[in-house]
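One chain, subunit A, links the two complexes that follow: it is found with subunit B in the first and with subunit C in the second.
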Partner chain A sequence: MGLIALIIFLVMAAVLGVMIALDIRKAKKNNVKYHFKQCVIGYLMMAPAVALAFIFVLLPILFSLGYAFTDYHMYYPNDINVVGFDNFGTLFKEIGMKGELYHAILNTLLFVVCVVPLQIGLALVLALFTNRKKRGVKIFKICFFAPVVISLTVTSFLWLQILSPTESGLLNSFLGMFGIAPVDFLAQPGTAMLWIVLLSAWQGCGYQMLIFSSGLTNIRDDLYEAASLDGAGWWQKFTKITLPGLRSTLLYITITVFVGACRVMIQPMLMTGYQLHTVTLSYYMYQLGYGSHLIGLSSAVALLMTIVIGTITLLQRKLLREK
Partner chain B sequence: MKKALKCLLVASALAVTTFGLAACKGGKNEGIDSRTDKYGNTLVTIMVHKDGSTKEGKAYKKCVDSFNEYYKDQKITAQITFVAQTAGVDQYESTISSLYGAQDGSLYDVISFDAPKCAGYAKSGILYDMTAEMGDYVNDFVASSVNKYNGKVYGLPIQESSAGFYYNKRVLNDAGVSDAEISNYQTNGWTFDEFKSVCAKLKAKGKTAVDFQLTAGGETSTYLLYPFGYAAGGTYASEDGKTVTGYMDSDKTKAGFQFIKDCIDAGYTGYQISGKAFYTTQDVGMYLSSGWSIPEIKESYSSNFTGGWGVLPYPHAAGSTAASAMGSWSFGITNNGVRNKEAAALLVKWMTSDASSKTITNATGMISAKSTVKPEYTANSAEDVLYRQLIQNGKPRPAMSAYSDFSTEFNLIITALRNGSVDSALSTHTASLQGKINRER
Partner chain C sequence: MELSREKLLRVKNVNPAPLVVPKNKKKIALDVVWYVVGIIVSLIFIMPILYMLAVSTKSQIAADRASGIALFLPDFANLGTFFNNYRKVFTDYGIWRNALNSIIYAAIAIVLNILVNGLAGYVLSKFNFPGKKFFTFIVLFLIIVPVETSIIPLYTIVTQLLGLHGRMTVLGVILPSVISIFNIFLFMQFFESIPKDYEEAARIDGAGNLKIFFKIILPLSKPIVATVAVFCFIGVWNDYLWPMMLLTPYPEMMPIQAVLQTIQNIEGVTTGEIMASLVVTSIPIFIIYIAAQKYIVQGFGSAGLKM
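Moving on, here comes the complex of A and B:
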């Protein structure tokens, strides 16, 4: 570890030196006086943040990238061998055999396809509702935002109580009033993931509502007034003014919700445990690393996820970019 | 310039990764002979899986303090560290793995570990073969609870556990199960058919016959339900733990799972039983649980059992030997780069001595793993049934380095029994587990 720390320190010092050298060169080229002391102070003030980002963000990503091509096993930390693309071969083989990874991909796809439009749609509706200049709207805003400040662990347990398969479960006791026998909602392969979608959309939409709200305030009122004078209805105003005005906000929200949805893990982990009908890619990756101790294989899943998510995010950017 | 900067950043990042990996691979230390503290005492370190503020944590601390007092004159001192085991054992295992990699003595000399992990730790070299150091001392333990791998000793149990069917006496009596019948089952054991007949009586009275804790998940489900495979005469893996095909899906093991499935299909048990129903209502006749339920009933739920309660042993298939759950945490010495293991061996012996065993089991309510500690239980009391069961037919979980995968697949089988057949569940998950074992080193 000492050696790694020394290498990090040397690399960062070298990067700092090169940046200063490049600055000096640029200043000379442009005939501008270079204030060495001020620039160094500036870089030094930046250094803690850069160092933290480097150590806790960039470095783990780079290590994970490296481990994806090794047979790193948690019990054999001193015996790591480069295995090329073997890990990826193993993963594709598992997909072909319809193993746990196959189920994880399907469940994650289902989750993403359902949660992204649902959460964004819900957030937009709530934002439009709370953006009206009416008395008491702020109370609703606070209520809708409240689930965001509660941790996912707490909300998951809360929903576990609601969906409890026994007669004491909130939903089942309600159904019991109509003579319906208790249902184990989270054990049904067809619906379990949809309940997790519902919980996640409910939990997350408050945050996107706030972002949409700030986007809505940037749309000029006179546009709506002019549209009203031209006889436009609310739907036309929504599609011709509101949506185009929210384009960049929508792009940001779509990307963040999509990336977050791809990483879903806590909800299935706490609500159903490791089950084929709810396992997701992140949960599978976690299970490989901490359950089976196969860090190399787990890192390969992480790398594949990064590539897929990155590609789709770029596509989204391209498709939703303002012309 | 931007391009140059980008190139530089990428190059530096790659350099760090390459050097980092190289440092991980090539950083093997030569090790040290022994460790001393600032007073010149030989220092031996121990890591346990409990928080220091818990009853169990305090018991470990008490044992270490008495060790230090006893070995003061011989200038040996022990230092205890508490790394609480989280639900997934993530932090505890990560700590072991990262410290083991250093090989400079930073990994604790003695660690506690869950018994089924022994094979994985022993095979990878994390645990030290202490057969020579322990010698005949291993004979002081309940035979099957000593942690062995390839015939060598790698761990000694801190305590032992057993599980059984807790029953509410009033509920059983009301259903027509007499005291004499209960006593007979407790003394002589019972078969799957006898178990089902008791369940049928309970069901006829409108009760949930038994809570198998099918939805407990994780290691709890595995621990409670694995004995049924053995009790039907089957097994889960080959001796070396490398093959499950032909073992886990054998006809005999299938019969064990079929027994569980029959109970589900007949409506004797199910996946929708509230975990607290047995403790708080008169609706559930029996409840499969470990020894940890004894203090729970005594201390928190005694009002629900005014008619009496007790424990019935695991049932078995007719013609097969009974089998019951066992296994708890153990102490083992690590290969941490410290060559002299004398002090570590002394500490393991001390922590598993009769006196320490009593201190720890008094705190946890579990059973002592020492055959030299003779407990005095009332005949057919809950403790007595569990203890006798452990001694007579305790069967450890399968020893395999991919044990975590076994536990995962076992849980998936239990879930699959809900809607599918035993045959399909076992063939699917045996194949999956075999695949996982094959990808192990």
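Moving on, here comes the complex of A and C:
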């Protein structure tokens, strides 16, 4: 592994060397002079960042790419064989057999399809709702934002208590008032993921609300006034002024919420553990690598995820930008 | 936009409306509805949090017995045992040690984060040197690439390539949160807006590059430094998975989020104690959000730059 890291380092250094040579030649042509001492100092000042970025950002990405085509097992770091596309074959077979990966994909899909519209819609509604200059608006905003402040870990453990299957759990004690027997919400294959969707949207939407709010303040008031004079209703104002005005905000929020949703893992991990009805792609990948020590296979999942998420993100960018 | 210039012109020609518009009944009714809806939705949003706060003051018996509105109210009947759960979490479960760990990790990460990324941003925005394009390209490239999926390779790098174990594992916990390509980008953007005159004046006075960075650039960039510091603190304090992966064999070095899991699994732990540990974990972030509102909103603005 050290050898590969060294090779990557040398390749990067070589590319840098070529770039430097090109820059110097160009500078000579244009009669720009570099201050030698300043160049050295500049490189020295950048050195810590370059070193850390190389080890903790660049290497993991490149390694992840490379591992996907090997049979790397965590306990045998000295016995790594290149296996070509075998890992991907194994994964597709797993999907075909409706194994864990199949469920992980389905659960992640369900989560993304539910949470993205719910969270963005909720955030937009809350932002529009608080977009008034009225006394008390700030208190409302603080209440809507409060869940964001709580970390995902705390959120998961808090909701674990709320959804607790015992009679004293918050939700079950509510149901108890209507004479309904305690339900183990997180053990139900049909609803467990939906509860995770709900609490994730609850936790996250305040953040997007604030971003929408700042987007709303950028829309000029006179547009609304002109529309009112024209006799436009609130729906027309919303679709003809508000939405177009929020386009870039919406693009940013859609992509970040989508990517975040694809990576969901802490909530199912802490609330149900590794269960077929709640396992997600990230969780599956993590479990393969950290739990089962199959780093090669895990990296193959990571590579597939990156490709799929990357493609969809690009598509979203195109769709939302072109109009 | 269909609302043409003609319409806007018409707006201008309209007789000025009277400044004080008499409120009609319809408007007042709308306001009332708005307030009522707002209060109801706000209550729904903070209900789980109120529940957490309320239960954290109750003994198991009191928590089980509570119903209706009492579920969301603290245990005023037993003020003597009001903070019992907190006492237990701090003394028996020793959560203060993990809180201290988290604070130390966050403090180190913040200082190094600003230094390392700030210096890189300074060089990339203000210096002219061969190879500058290469590094600028790498920064822009790495911002786009999703990094989250590389946590397993990162783990192999820390444990096998760097071979960190024992007390040194702490380095593996802190160092990845020190480097942030996005922060380099933020610093670059901000430093570029600082006029060159400041630097040149200092250079004439004989100041070196480092002195210029610490005495001129950083003080002029207080807002961005504060924003980076705040988000770095929140990031490190709230991080769960990464420290958990590295520090499972070393519970005494765990940060606060990781110890929450341990507390859940203690035999005989009460709901109240769990809730108390959750409250203790959330309080510093609440304080940060309230104290640093301004910088956090700025952070939202800079988040838009990412696109």
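Assume the second predicted complex is superposed on the first by the 267 of 323 C-alpha atoms of A that agree within 3 Å, B and C clash if a C-alpha of one lies under 4 Å from a C-alpha of the other, contacts with A are read in each partner's own complex, and residues count from 1 in each chain.
Here, a residue touches a chain if its C-beta (ideal position, glycine included) is under 8 Å from a C-beta of that chain, and two chains touch if they have at least 3 such contacts.
This structure is a prediction, so every number in the text was calculated from the model and none was measured.
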Touching partner for A:K134 - first (subunit B), second (subunit C), both, neither: second
Which of subunit B and subunit C A:P147 touches, first, second, both or neither: second
Touching partner for A:T278 - first (subunit B), second (subunit C), both, neither: neither
Which of subunit B and subunit C A:S200 touches, first, second, both or neither: neither
Which of subunit B and subunit C A:S173 touches, first, second, both or neither: second
Contacts of A:F63 with subunit B and subunit C, given as first, second, both or neither: both
Residues of subunit A touched, compared between subunit B and subunit C (which is higher): C
Which of subunit B and subunit C A:S292 touches, first, second, both or neither: first
Which superposed partner A:V15 touches (first subunit B, second subunit C, both, neither): both
Which superposed partner A:T254 touches (first subunit B, second subunit C, both, neither): neither
Residues of subunit A that lie at the interface with subunit B and also at the interface with subunit C: 1, 15, 19, 58-59, 63, 67, 74, 77, 164, 168, 290
Interface residues, subunit C side, partner subunit A - complex: 1-3, 7-8, 10-11, 14, 31, 34-35, 37-38, 41-43, 45-46, 48-49, 51-52, 55, 63-64, 67, 71, 115-117, 119-120, 122-124, 127-135, 138, 142, 145-157, 160-162, 175-176, 178-179, 181, 184, 209-210, 213, 237-238, 240-241, 245, 257, 260-261, 264, 271, 274-275, 278, 281-282, 285-286, 289, 297, 300-301, 303-304, 306-307
Complex contact set, residues of subunit A against subunit C: 1-2, 5, 15-16, 19-21, 23-24, 27, 32, 34-35, 38-39, 41-43, 45-46, 48-50, 52-53, 55-61, 63-64, 67, 72, 74, 77, 126, 129, 132, 134, 136, 139-140, 143-144, 146-147, 149-154, 157-159, 161-162, 164, 167-168, 170, 173, 177, 202, 206, 210-211, 214, 222-223, 225-227, 229-230, 240-241, 244, 248-249, 251-252, 255-256, 259, 263, 265-266, 270, 282, 285-286, 289-290, 295, 298-299, 302-303, 305-306, 309-310
Subunit B-touching residues of subunit A, taken from the complex the two chains share: 1, 3-4, 7-8, 11, 14-15, 18-19, 22, 25-26, 58-59, 62-63, 65-67, 70-71, 73-80, 90, 94, 97, 99-100, 164-166, 168, 182, 184, 187, 273-276, 287, 290-294, 297
Complex interface listing, subunit B residues touching subunit A: 1, 4-5, 8-9, 12-21, 23-25, 27-28, 88-90, 93-94, 97-98, 100-103, 120-121, 123-126, 217-218, 271-274, 277, 401-402, 404-405, 408, 411-412, 415, 418, 432, 435-436, 439-441
